[in-house]
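Each structure below appears as structure tokens.
Each of the next two complexes has subunit A plus one other chain: subunit B in the first, subunit C in the second.
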Partner chain A sequence: MASQPWRLASGGAIDRTRTLRFTFDGRELQGHPGDTLASALLANGVRLVARSFKYHRPRGIFGCGPEEPNALVRLRRAGRAEPNTRSTMIELFEGLEAESQNRHPSLEFDFAAVGQWLAPLTPPGFYYKTFMWPRGGWPFYGHWLRRLGGMGTAGRLPDPDRYDQRYAHCDVLVVGSGPAGLAAAQAALGAGASVMLVDERDALGGHLLHAQARIDGAPASKWIAASEARLAAHPKVRILRRATAFGCYDHGHVALLERVADHLPAPRPNQPRQRLWNVRARRIVVAAGAIERPIVFNDNDRPGIMLASAARAYVNRYAVAPGRNPIVYTNNDSAYAAALDLARVGIRVRALLDSRAAVAPRLSAAMQQAGIELRTGCVVSGVRGARAVEDVLLDGGKSLDCDALFVSGGWNPSVHLLCHLGARPRYDEAIHSVKPATLPPGFHVAGGAAGSLSLARALDEGWRAGREAAAACGCTDESGTAPRTEAEEPCGAEPLWDIPRAARDGKAFVDLQNDVTYRDIELAHRENFRSVEHLKRLTALGMGTDQGKTSNVNGLAIMARLRGEAIDAVGTTAFRPPYTPVAFGALAGRERGEHLIPVRRTPLHAWHLAHGALMTSAGHWMRPRAYLRPGESFDGAWQRETRAVRGAVGICDVSTLGKIDVQGPDALELLERVYCNGLRSLQVGRARYGLMLREDGMVLDDGTTSRIGEQHYFITTTTANAARVLQHLEYYAQMVWPELRVHVASVSDQWGQIAAAGPRSRDLLARVVSRGQVDEAALPFLGVVDAAIGPVPVRIFRISYSGELAYEIAVPSRNTETVWSALLGAGLEVTPYGLEALGTLRIEKGHVAGGELDGRTTPADLGLGRMVSRTKRFVGARMLGRVALADPQRRALVGLEPLDGKSLIRAGAQLVEPGERTPPVAMLGHVSSATYSPTLGRPIALGLLAGAASRMGRTLVAAAPLLNEAVEVKVVSPAFYDPEGLRMKPT
Partner chain B sequence: MRIELIGRFGTAEAPGFEFPKVNQVVRREAVSVFGVAPDKALVVTADSSRAYLTEGLSVVELTDARVLFEISGSDARTLLAKGTPFPVENAAFDASACAMTRLAGIAVLLEPLAADRVRLHVASSYAQHAEEWLRDAALEEA
Partner chain C sequence: MLFRCPHCGDRDHTEFSYLREFDPDAADDTQFRHVYLRRNEIGAHREIWQHVYGCRTVFVLERDTVTHAVHG
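This part shows the complex of A and B:
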């Protein structure tokens, strides 16, 4: 076959001097720069490009833009493969590879097409009604239904491309660069506003790119070029091409997807493939145009049937003949321009069929002059031809042969963006479609999107919207004049909602992408899914990636007819973002892989990595789990570390603890009000363990409060709750008690912190401290001293998390490694220990941590009820007095040991009575923390158990059904190790 | 360089220290004072005498808690606009202003020094994350 046999000999905005090679389903084809994949396929005579969603019917190219419901393809290969891309929006590039999708095994011979013959058995919702037995059968059915139906499948290989994100701000954002958008942008700029103009195409102009029009006395192309040059030259204007505004959100936030490199074979080095823009605009002008509406008749999905405006675009912009013997079928005037453009380039238009009884004399004269037969009062009931249109069947029985049918059922304003904030469009009798009824705050609409279908009105409304938007931003200059064009007749559409009787029993498609037919809507009506929302859910009308661009209004009108009501009375469904699909990569941007969340590193991070630490993430923090020696297993490492702390001394990086500085004359007052335990007796140089409660009486966090000056406190929080506690304190200091003279500041990053724990920890500190004393007299349990280690000033706290004699050393961050190294080099055998040993030590001691501080526990639940002051008011006090919180059946902290002394207990396991296996099993509690205790030589755990006191000593089962594990456990005291606390306070 | 967070408990109690308005910067010789909250200012100084301190102030040292990056070049603000929702490209955001905002998912203080030069104050624990993010985001413009 000759290359591009359907390419017109001249015209179009393509570069004929260069040829691009591409493949479709492995077939090598050619096109030109300026082509889309769709136009290039048409130029090569490829009519069959897809199989439909449900019935696997053959489909061709139907539109020329984002409204395309049929011609979705899988683009590129391997990690770059992307399904469901609209061939009408893909700019052709050298080496492009496209494949059809949802066909088995090939596009030409798709055995799944048998589904269309089984259609009577597969009406909407058939799987809800039929695949009910046996009960467990759905996974099998679901697997096959999903394979046979649907669209493309996502690839499984890693995406090699980069995705960028960007924030931008402007006075006026103009969405769409057609006549209304260009006019709006120039008007807003002329008024002095900063402007952002975005268009999803590679060129500005919108529908003008496809039309033959004159503006300001010159061809539209000249006006577009001049407008673009004027805007682009101005520093207050940013123009984005290949950028789709896909979602509108509150407060002027509009999300855009810029396809930075999708028109290239591959992005250049370091060039992002796509960029997600988050734009904050003070005013937004939606000039997104309108989408031509299909007409519903039998087999209206056959390849060769196309929107008339699309046919016009292929002729005028891409110089492609979408048919050689086409028929145009319409209910309005706009299709006449398409027919005339086809005739102008030499395409023999077989006939123009108009459903209206009469048309304006100027139209009939134009048809006559162009040699096009005009038939008025003519309704199409269907077409003949399986893989391409061969004949058009007229209501009444006659037929006309043709090779293409271009349809225009009127125009639907692109109201999608305006609806994202909740506004519902309303049916307008004047345009026989829905249009914006009310606008969200800050929005303006102009041109086709407003339901204004003439060029003159688009220009006028665009200019006015731009001026109004700018004025709302305080920009009221008056430079420039509105563009002008010749007066036009209105579109003159007449509704064509009545479906020909012959089409009602066949496949007359309303939603081409979701394979929804007239009969499906009829069935929904019969089954009482009469609400448009129910209709949508039952049939999928207007759902998914298409969002009803071509289908919604026809669907609403048909339902209204069936209900015997006005279209306005049935309402509309919601259009939701995104307007067109957005790649996950663009949404993720740089937040992927190891940068999924920001990574926080302690001052000792490099040391940990250099010394065999197995790191783990704890929230944003990276922490060492254990330091593996050569040949050592993970379990061996942390158990060694645990034993070292119990037997000698270990040091641990606890820099991740939250640290908060509290200063001011009312610092104590604030702390008294937020801690449930009393602090008034706390002396300078002393520390105290404390609990902070939420307003509902549940424990927010625990930590220590140290008084380091008369009006100066230093508090620590758990790693996980550092930000929450700071927020809690700031909230109360600033919002609830602003009269308190107190300042709160996070110093978590200012101080590194090192725990030194073990019976020899005092010896260790004594060896390294160059200023200050650490003996019992100078630094007793819960004492605080300022000291120095070598040249580094430090603050030493005598506090213990491990249950051993222990200290925590706060060090200015930059000197943390110096102090850490000094401790290791002090001449004792000092063992660095990680998170795993740290956790084991505290479980052995029965100290609570994140597993127990889960937001559902009170101080009493944790065995800390005695800490709660009865003599003061504090946050959470009132709710702590609820009767229910004193219920002895509340879950409270217990220790758990395996009966056999060796079975590991799983954290998260449910505690149940032995022998209870048949659901529903009463869950008495759960395991909150678990470990193997190297000190005790057996597994141990902490749990929260209902009726803990009465169940002490009882045997329960710790069941983890998903793992098929069940361990018999004995309920014991949570203090497994040194319950008297003698080791923390050796004499 | 020393970084301190200065606070006052009402204007009457610290009359000798000039607190900038929030998001404004006062620069005097070796001292830059950033208005970061009502009655709170961040002082960045090479003046070891700390002569600016007066009675009635709360002082929290944050020298070790902050890492400063300086981004310069014609695309400096474009680079930052990739990660911060703050309108950093606005010409009004000049050397007299600052902004407590977010960049790359973390809290930062933006300090514009010129149209093509912006300093970034980052919590030291996030410094490596910020550097990696900046380097990666800058690749396109490099």
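This part shows the complex of A and C:
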């Protein structure tokens, strides 16, 4: 068989000097640069390209652009495999591999096509009904329906390509580069505005690429080329091809998807596959054109049936004959141009059928001149032919043989982008379709998208919209002149909403992609799904990848007929972004894998890794859990570290603590108002533990406040709440008490912080400080001194989280490792310890942390009620006074020990009375933190327990039913170790 | 959406963090309402936002919850 038997001998915008090889379902085929996959398939005579969504009916190529409902294919392979790509939008490249979808086992022999004979049993919404009946049937149906219905399958391999995101700003964004868009861009530029012109195709020109027209006295292609050259040469213009404006958002934000490398076999090195543009435009001109509307009749989905505009595009742009003996069927004038273009290239048009009783004499004369039989007042009821159209059946019984049928039911303006911000289009009697009624602020519309279906009007409106948009940006120069074309007659469509009686009982498709027929809409109406939104949900009309680009208006019109109301009264469904499908990869951009969330590392990160640290993530931070020596187990390591702190000295990286500097004459006043504990008596050089409450009286965070100078305070927060506490302070300082003269600044990243804890910590510091004193007199418990370790100036706080004699050393970040190494090299046995030992040490002391500061606990619940000032006003004071918060049955902090002295208690376990097994079991509390205490030689835990005081000493069960665990525990004081606190303050 | 930061000017809303409804008459005896109740207006709504990924200014912004029109 000759290669490309359906290729016309000449013409088209394809490069015949080069041949591209590609495969479809494994069959090797050829095309040319300039082809789309669809045009190349047609050139090779491939008519059957897909099986339909529900009935697995054979389908062919129906359109020539983003509206294509049928010819979806799975493109490429392995990690690059992409389902549901529209063959009409895929530019052919060498080695392209495409596969048909939704067929079992092959396109030619699809067993699932028996589904169409079962159609009477599977009306719209039938699977919703299987939720209800037969009982238990849904899992069975669900399994098979999900396999048989639907679209292509997604790949499971990771996508090897990169996706980029960019931001851009312009005065005027023009969407669409057809006659209206090109005119608008030039008008706006001529007025002095900066312009962005975007088009989803690879070439500018819009529908002019598919037509034969003249502008400014020359072929349209000349005008396009001249316009493009003029625009491209100007520094204030950016032109994006292969870029779809898929969503309009508030305040001039338009999202574009640029398919940078989809027309190549694979992206070039360092080239992204696609690029997502977030454009901020002061004005937006939507010149998105219009999409031709199909006509509903029996079996109107057969391969060979195509939109007339698509047939015209295949002939004119791609030099492909979409049929050799075609019939054109229309209700409007635009299909005549298509018929003439077919005739011009030598295709014998069997007949032009027009549903209207009469047509303009110039049209009938043109048909006569071209030798095309014109039949007016002629309505098609259906076609014959299973795999391809063979005969057209006319209402009244006659038939006409053909091999293709090109239909035009009028035009639907592409109003999508104009409706993304919530506007609903209105039905317009003049064009028998919906068009924009009101425009969102900042938007202009021109040409087909405005319902203006002639070239002259598109040019005129485009030019005007460009001028108006520029003027709105303050650009009012007057250079350039509006392009001109010969005046045209209006399109002259006549509605064709009545479905021929003979077609009402068959399969007359309204929505080709979702297999929604006229009868389905009838059924929806009968079942009272009469609102168009309900109709959409029940039947799936207008869903899927094409979002009803060809089906919506026909569906609305049919529902209006059934309801006996005007189409405008029926309304339209909402248009939402995206206009066409957008890959998740493009939305994610580079924020994937390790780039999804930033990782924060302390200044000692490298040291930790080099010294056997087992790292863990704590929020965004990476922290060491324990330092494993060679051959040592994790448990062995952290227990050794814990014992080292209790017995000698350990050091721990606590750089992740939030650190906030508070300065100004009113620094103390601000802190007094946000901490529940008093700070007025805090002297310079002293630190104090404190609690901040939320407005509702619950504890927000705990930490220390140190007074560095008269008007200078330094506070620490927990790692987890660093950002929240800063925001809390900023809110009160800026919004609630703006009169306070105080500055609040995060210094978390400027300071590294090292805890040195254990009975020998003072010896350790004494050995390393090169300036300043650390003896009891100079640095008593809760004292702060400025000192130096080696050459590094540091600030030393005598505070203890572990309960031992302990210090925290704040070090300018970049010197943290110097100080850390100095501590390790001081000649003592100094043990670095990680998070696990840190946690165990504080649980042994009954100190609270994240598990207890869970947003539901008051200071009293945590045993810290005595800290709350009774004499001052502070955030949370008012709500803390609520009676219910003083209820002794509130959950309060307790210690827990296993009765058997060895069973581990599970954090998160529920505390219940022993013997209670049958639900509902009263949950008295829960375990908030748990560990094994190497110091005490038994497991211990902290919990929050109702009626804690009355249950002290009692036995409860810590139950984790999902893990089938239950441990008998005794309720004890949370201060397991050194309850008097003597070790922190050795004499 | 574009928000107008009093310090930095127009910026994309993703740079800002919502703090709470603006409550012009927060007082001790209205604490319950202030802490727990939200007016959740249809239409013009005064809110407190912070330019967290910028200058960290906390400011009141009026936003129409229906049209998303914003008045700095």
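FYI, the second predicted complex is superposed on the first by the 873 of 987 C-alpha atoms of A that agree within 3 Å, B and C clash if a C-alpha of one lies under 4 Å from a C-alpha of the other, contacts with A are read in each partner's own complex, and residues count from 1 in each chain.
Keep in mind that, in the parts below, contacts are C-beta pairs under 8 Å (C-beta built on N, C-alpha and C of every residue); 3 or more make two chains touch, one makes a residue touch a chain.
Computed from a prediction, not measured in an experiment: that's the story for all the values here.
Novice: Touch test for A:Gly664: subunit B only (first), subunit C only (second), both, or neither?
Specialist: Touch status of A:Gly664: first partner only.
Novice: For A:Asp505, using the defined touch cut-off, is the partner it touches subunit B, subunit C, both, or neither? Pick first, second, both or neither.
Specialist: neither
Novice: Answer with first, second, both or neither: which of subunit B and subunit C does A:Asp749 touch in the superposed model?
Specialist: first
Novice: Which partner does A:Met879 reach: the first (subunit B), the second (subunit C), both, or neither?
Specialist: In the superposition, A:Met879 touches subunit C alone.
Novice: With the two structures laid over each other on chain A, which partner does A:Pro272 touch: subunit B (first), subunit C (second), both, or neither?
Specialist: The first partner, subunit B, only.
Novice: In the overlaid three-chain picture, which partner chain does A:Glu429 touch, first (subunit B) or second (subunit C), both, or neither?
Specialist: In the superposed model, A:Glu429 contacts neither subunit B nor subunit C.
Novice: Based on the superposed arrangement, let me know which partner A:Ile597 touches: subunit B (first), subunit C (second), both, or neither?
Specialist: A:Ile597 contacts subunit B only, not subunit C.
Novice: Which partner chains sit in contact with A:Asp164 here, subunit B, subunit C, both or neither? Use first/second/both/neither.
Specialist: First partner only.
Novice: After superposing on the shared chain, does subunit C or subunit B touch more subunit A residues?
Specialist: B
Novice: Please identify the positions on subunit A that touch both subunit B and subunit C, taking each partner from its own complex.
Specialist: 280
Novice: List the residues on subunit B that touch subunit A in their complex, please.
Specialist: So the residues of subunit B in touch with subunit A come to 5, 7, 9-10, 13, 40, 58-66, 81-87, 89-90, 104-106, 123-129, 132-133, 136-137, 139-140, 142.
Novice: Under the touch definition given earlier, write down the residues of subunit C that touch subunit A in their complex.
Specialist: On the subunit C side, the touching residues are 1-2, 12, 17, 19, 26, 28, 31-32, 34-36, 48, 50, 52, 56-60, 68, 70.
Novice: Would you mind writing out the residues of subunit A in touch with subunit C in their complex?
Specialist: Residues in contact with subunit C: 249-253, 280, 695-696, 727, 730-731, 734-736, 878-879.
Novice: In their complex, what parts of subunit A are in touch with subunit B?
Specialist: Within the complex, subunit A contacts subunit B at residues 162, 164-169, 270-272, 278, 280, 590-591, 595, 597-603, 605, 620-621, 655, 661, 663-665, 741-743, 745, 747-751, 812-814.
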